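Next come two complexes built around chain A: one with chain B, the other with chain C.
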Partner chain A sequence: MVKVTIDGISIEVEPGTSILNAARQIGGDIVPPAMCYYSKLEGSGGKCRTCLVKVSKGSEKDPRPMPKLVASCRTTVMDGMEVQNITSPEVTEARKGVVEMLLINHPLDCPICDQAGECHLQDLGYEHGAAKTRYEFDRRTFDRIDIGDKIQLHMNRCILCYRCVFTADQITEKRVHGVLNRGDHAEISTYIQKAVDNDFSGNVIDVCPVGALTDRTFRFKNRVWFTKPVEAHRDCEHEKCSGKVTLWYKGEDVLRVTARKDQYGEVEEFICNTCRFDKKKTSDWVIEGPRKVSHKSVISSNHYETLHPLPVVKTNPVLLEANKEQFERETRL
Partner chain B sequence: MEPLSNKRKVIEAKPLNFWEKAYIPAIAQGLSITLKHFFKKDVTIRYPEQEREFSENFRGLHSLKRDEQGRERCTACGLCALSCPAEAITMTAGERQKGEENLYREEKYAAVYEINMLRCIFCGLCEEACPKEAIYLDGPIVPSDYLRKDFIYGKDKLVEPPLNP
Partner chain C sequence: MGRKLLLEHINVPGINTYDVYRAKGGYTSLEKALKTLTPDEVVEEVKKSGLRGRGGAGFPTGMKWSFLAKPEGVPRYLVCNGDESEPGTFKDRYLMTHIPHLLIEGMIIASYALGAKTSYIYVRGEMMPQIRILEKAIAEAKAAGYLGQNILGTGYDLELYVQPGGGAYICGEETALIESLEGKRGNPRIKPPFPAIAGLYGCPTVVNNVESIAATVPIIRDGGDEYAKIGIGRSTGTKLISASGNLKRPGVYEIELGVPVEEFIYSDEYCGGIANGKRLKAVVAGGSSVPILPANLILKTAAGDARIMTYEGLSEGGFATGTMMGSGGFIAFDEDQCIVRNTWNFSRFYHHESCGQCSPCREGTGWMEKVLHRLEHGHGKLSDMDLLVDVSKKIEGNTICPLGDAAAWPVASAIRHFRDEFEWHVTNGAEAVARNFGLAHYADPLPKPEVVS
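Moving on, here comes the complex of A and B:
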C-alpha cells in the first residue's frame, strides 16, 4: 500500500493506482473531472487533459515536485506523493484553459442538442465559468452521419475522447467505426457509412461525454429534464447483458432507455441493444423506483423522489364523509 | 361622558331660513358642479378601441420572434418551460426537413408551442431564459374570453406574422 495525499487528505491505495482513482476513493469535491477517462474501458484516458493536477511532492524518496501539471488519469501514485487539485489556483486556471480549448470546435448548440442537461462538457464549462467562447473563426463542420438506424453521429460536437472507440473494441465483438485522419483533422467515422450492428453498439451513446453520439429513437423527442428517470430491470436473454437500466418517462411513455450511470457519469453495467432500443413499454420492465438525481442537476427540477408522490391535499376522512352526506342530500333535492 | 380629547366640536343646529327651506339654491349648486364635469377631460378611456400608453418594461402577451430573414427563432430548447414558475408553457419539438430552411432557423423547431394564459403570471422569466432571443412579452393585454380552452395560445396566435406574406 502506498500513501498519497490529495488536497491535504491522505489515503492508502494499492500501488499502480492512478491519482484520479485515488481521488475517487476519497470522493467529494477533490475528484478531478474526466472527459475521456472511463474506468470500465481499458486504455482510456490521457486525451482530454481536464483531469490535470499539480504534484507538489513526487514521492518520499524523491520529494521534488513534478515540473508540469500532470494528467491524473494516467499518472500512478507513488508512496508519499502530495497532489494538489482544487487547492491549487494553477490547476483551476489550467483546467479553464483546457475547457476553452475543448470548446474551440464545439458548436455550442446546446439548445438543439439532445445531450443538454446531462452533458459533461456543459457541466465543465459552467463550473469553470467558460460557458462562452472567444473563438471567432470558422469551426470545423461535418454532416451528421446515421450509424445504423439507431445511432446518430454529430461529428461537430465530438471532443475526440476515444471512449466510443474503446467501447466498440472492448464491449462489442467487432468495431466498425474509428478515428480517421490525424491531429486537427481527426474525426470519428465509419468508412462508407457502415452500419454498426452488433448487440452492444448502443453503449457508445452512453459513454459519449458530449452529444456527438446520440440515440436516434430519442432525437428531439423531449428535453432530458422534462423526462422522469425510473430505475427498472428485466431478465435479458443476452448472457452479457444485466438488464438493469434507467427508463426515461414522459407521462406514461418510455421515451428512452439508458444504462445506469454512477456519480462520475460512467455506466455501471453495459446493456444490450434489445433492452435499449426495443423494449419501450412499461410492461417489459420491473420498476424499482425513481432514480436519485443530484440536486445540482437540472434533471432534478420538478421531480419527486417517491414513485407515488404525496397528495397535494391531505385527505381528511371526516370531511369526505361530510361531503358525501351533503352530496346525497343535494341529489335527493 | 367625559370627552377623550379636546377636539370635540359642538354643532349648533340652527333652524333653516327661507332659501334653505326652498332647496332651490342647493339644487342649482349641485347641478352646476355636474355641468362643470361635462367640460372636463375624461378620466376613463374606451378600452378595447383605445389603449393607454404602457411603460417601457410592460410585459403583455408573448410573441415568438422571427429573425431578419423571416425564419422562426425558437428551437424548442425548453428553457422557457423550465424557467416558468407557473408551468404555463409546453412544447413539442420537430425536426426541420430539407426545403424548410427558410421557415426555421435551426435544425430543430417547435412543432407545437402552447402557453396557457390562465396560468401565466407574466413574470418574464421565459424571456430572460431564452438563449435564442425568440420570445418576448411585448404584446398587449391578453384579451378576455369565455372558454378556458381559448386561453391556451398556440403558435397561430404567438408567432409573429411573416415578413413577406
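Moving on, here comes the complex of A and C:
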C-alpha cells in the first residue's frame, strides 16, 4: 500500500493507482473533473486536461515536485506523494483555461440538446467556466450525420475525448468509426460512410460526456429532468449483456433505456442494443425501484416524494374574511 | 576555421557513394567499435563526449542510451528521427542527401551500442529523394558486409530499414513517431512510460536525431575525450546550423559550439552578413518553436556580454531575454520583415500541425492563429496582445507533448519583445497592410540600467 496526500487528506491505496482514482476513493470536492478518462476503458484519459493537478512532492524517495502540472488520470501515485488540486491556484487557473478552450468551439446549444441535464461539459462549465467568452470568431461547424440507424453524431458538440473510439475497440467486435483529420478540424466519423452496426454500438451514447452522440429513439422526446429514472432488469439472451438498466419514464411510457451510471457518470455494466433500443415496454422489464439521483443533479428536481414545495400564494384568513363580507354586501344590493 | 567533423568531406565529389566515402576513411569508426569495443564501452565513449541531442531538447545522448531498459528476451530498437519538419531547420536533409553513409555508419555503431537487432530510419514523407538515397546507401553497406548477418565476423546482426512518414510535423515527436512507425495515427503517447521502457511495439526504444547519430562516428573515431575538447562547458562538439532568412550566404554550416552569434552572422566564414546592405532586426535562433529575439538581445545578452552559440549561451537570460538552441534553425530577419506577419505565419503552421488530441493545443492554436490573422490584417484591438499572452500561457505546459509549448513560445516572445510593432498594427491598421513597421529601435544597444548609489 502506498500513502498519498491529496489537498491535505491522506489515503492508502494500492500501488499503481492513478491520482484521480485515489482522489475518488477519498471523494468529495477534491476529486478532479474528468472528461475523457473512463475507468472501464483501457487507455482512456490524458487528453482533455481538465484533471490537471500539481504534484508538490514526487515521493518519499524523490521529494522533488514535478515540473509541470500532470494529468491525474494517467499519473500513478508514489509512496509519500503530495498532490494539490483545489488548494493550488495554479491548478484552478489552468483548469479554467482548459474549460475555456473546450467551450470556444462548442455550440452551447444546451436548450435544444438531449444531453442537457446530464452533460459533463455543462457541469464543468458551470463550475469552472467564465461568465463571458473572449472568443470572437465563428465557431467550427459540421453537418449532423447518422452513424448508425439508432445513433446520431452531432460533431459540433464533440470534445474529442476518444471515449467512443475506445468503447468501439474494447466493447464491440469491430470498430468502424474513428477520428479523421487532425487539429481543430479533427472529427469523429465512420469509415467511408459505413454504419456503426453491432450489438453493443449503443454504448457509445452512454460514454459520450457531451451530446455529440445521441439516441435517435429518444431525440427531442423529452428533457431528462422531466423523466423519472427507474432501475430494472431483464434476462437478456445476449451473453455479454447484463440486462441491468435504468428506465426513464414519463408517465406510463418508457422514453429511454440506458445503462446504470455511477456517481462519476460511468456506466456500471454495458448493455446490448436490444435492451437499449427495442425493449421500451414496462412488461419487458422486472422493475427494481426508483433510482436514487443525487440531490445535486437537476434530474432530482422533479421528484417531490419527500419535499413538499411551498405554496405559491399564501392564504391570508383576514383578507379572505374581508373579501367574503364585501361579496355578500355587493350581492345583497 | 572551425573544425569540421560531420561535413569534413562534404565537398568531395561522389561522397554520397560507398567507394568514395570508404576511401575518405569511412566505416573505420564502425570497424573500431565492433572489433575493439564492447557495447558498454561505446556508450561510455558517447557519455564522455558530452554529446547532447541535436533534435531540439538537448538531452545528453549517452545518458539517454544508458537509460534503455534491457530485459531478457525482449528486442530493443533504435529509431533515427529523420522527420525534420521544424520550419527553418534543414540540416538533417542536407546530411542525408549528401553524405548518407555517415548516418548509416552512425546507425550501425549506435545499434551495436544499444544491442538493437533491427533499426529504423524514419524520414518525413516529403523527403522521397532522400529516402531513395538512404535505401541505395543501405544496399551498398549491405553489399560491403556492414549490415545483415554476422557483421565483420563479430557475430553481430543488424537489419536497417528506412520508413517514409506521412509528412506530419507532430510525427517528429518521439512517441508520435513510434505510433506512426507502428502504422497508427501519429498521436503522441502519454508519458510515462517513456520509450526507453516501452517504445516501439512495447519494447525498449531509443529515438535519436539524425545529427546525433551521425556525431557518434567522429566520437568513436577520435574518442569521446577528444570530442569533448571542442565547445564550451556542457555544450561540446560541433553543431550543424541551418541558416536562412535575409543572410548573404544562407545554408548549412557546421560550427564549433561557442562561436559568438555576431561572428556567425557577420563573418565571411559563415553567413557573411545581412543581404542587400540591410540591417538585422530579429533572429529566431533554433527553429520556429523557440522564442524570437530582437537584434540587440541576440548579439549581446542582457548583461552586455557577447552571446555565444551554445545550449547555455543562447538560453542565457531565460525566457525573459534569452532563447534556445533548439534544432539549430537560424532564421534572420532584416528591417523589411514584419514580425506580426511572421508570428501569424508560425502560428498558422502550428494550428495546421496540431494533432488535436488534447484540448488546450487543439483549440488554443486555432484561436491564436485567428487573433494574429486579425492583427496582421489591420482589424486587431489593443486588448488582443494581452489575450494572446494569456492564451499562450494557458497552452504552455498543459499539453501532452511539447507542440503546445512550441506553439505558445513564439507568440509570447514576439509580443514580449515587439509589442510596439503589434500596437502599431492596431493603431495604424490601414497603413500596416501596405507597409512594414521597419527596424524601430530593435537593433539599438540595450540601455545600461542606472546604478543608484
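Simple rule for what comes next: the second predicted complex is superposed on the first by the 300 of 333 C-alpha atoms of A that agree within 3 Å, B and C clash if a C-alpha of one lies under 4 Å from a C-alpha of the other, contacts with A are read in each partner's own complex, and residues count from 1 in each chain.
The definition used in the following text is that a contact is a pair of C-beta atoms (placed from the backbone, for glycine too) under 8 Å apart; a residue touches a chain by one contact, two chains touch by 3 or more.
Please read these numbers as outputs of a predicted model, since none were measured by experiment.
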Under the stated touch criterion, which partner chain does A:K47 make contact with: chain B (first), chain C (second), both, or neither?
second
May I ask you to decide whether A:K314 touches chain B, chain C, both, or neither, giving the answer as first, second, both or neither?
neither
Partner chain in contact with A:E100 - chain B first, chain C second, else both or neither
second
After lining up the shared chain so the two structures overlap, which partner does A:R329 touch, if you call chain B first and chain C second: first, second, both or neither?
neither
Could you say whether A:R219 touches chain B, chain C, both of them, or neither, answering first, second, both or neither?
first
Quick check for you: in the superposed arrangement, does A:P111 touch first (chain B), second (chain C), both or neither?
first
Which partner does A:R134 contact after superposing on A: first (chain B), second (chain C), both, neither?
second
In the superposed arrangement, which partner chain does A:H295 touch: chain B (first), chain C (second), both, or neither?
neither
More chain A residues in contact - chain B or chain C
C
Where on chain A does chain C make contact in their complex?
45-50, 52, 68-69, 71, 74, 94, 97-98, 100-102, 104-105, 134-135, 137, 159-160, 162, 178-179, 181-186
Residue numbers on chain A that touch chain B, as the complex places them
109-112, 116, 219-223, 225-226, 298, 301-302
Any idea which chain C residues touch chain A in the complex?
168, 170, 185, 190, 351-360, 362-367, 370, 387, 393-395, 397-400
With touch defined as at the start, can you tell me which chain B residues reach chain A in the complex?
75-79, 81-82, 87, 93-95, 106-108, 131-132
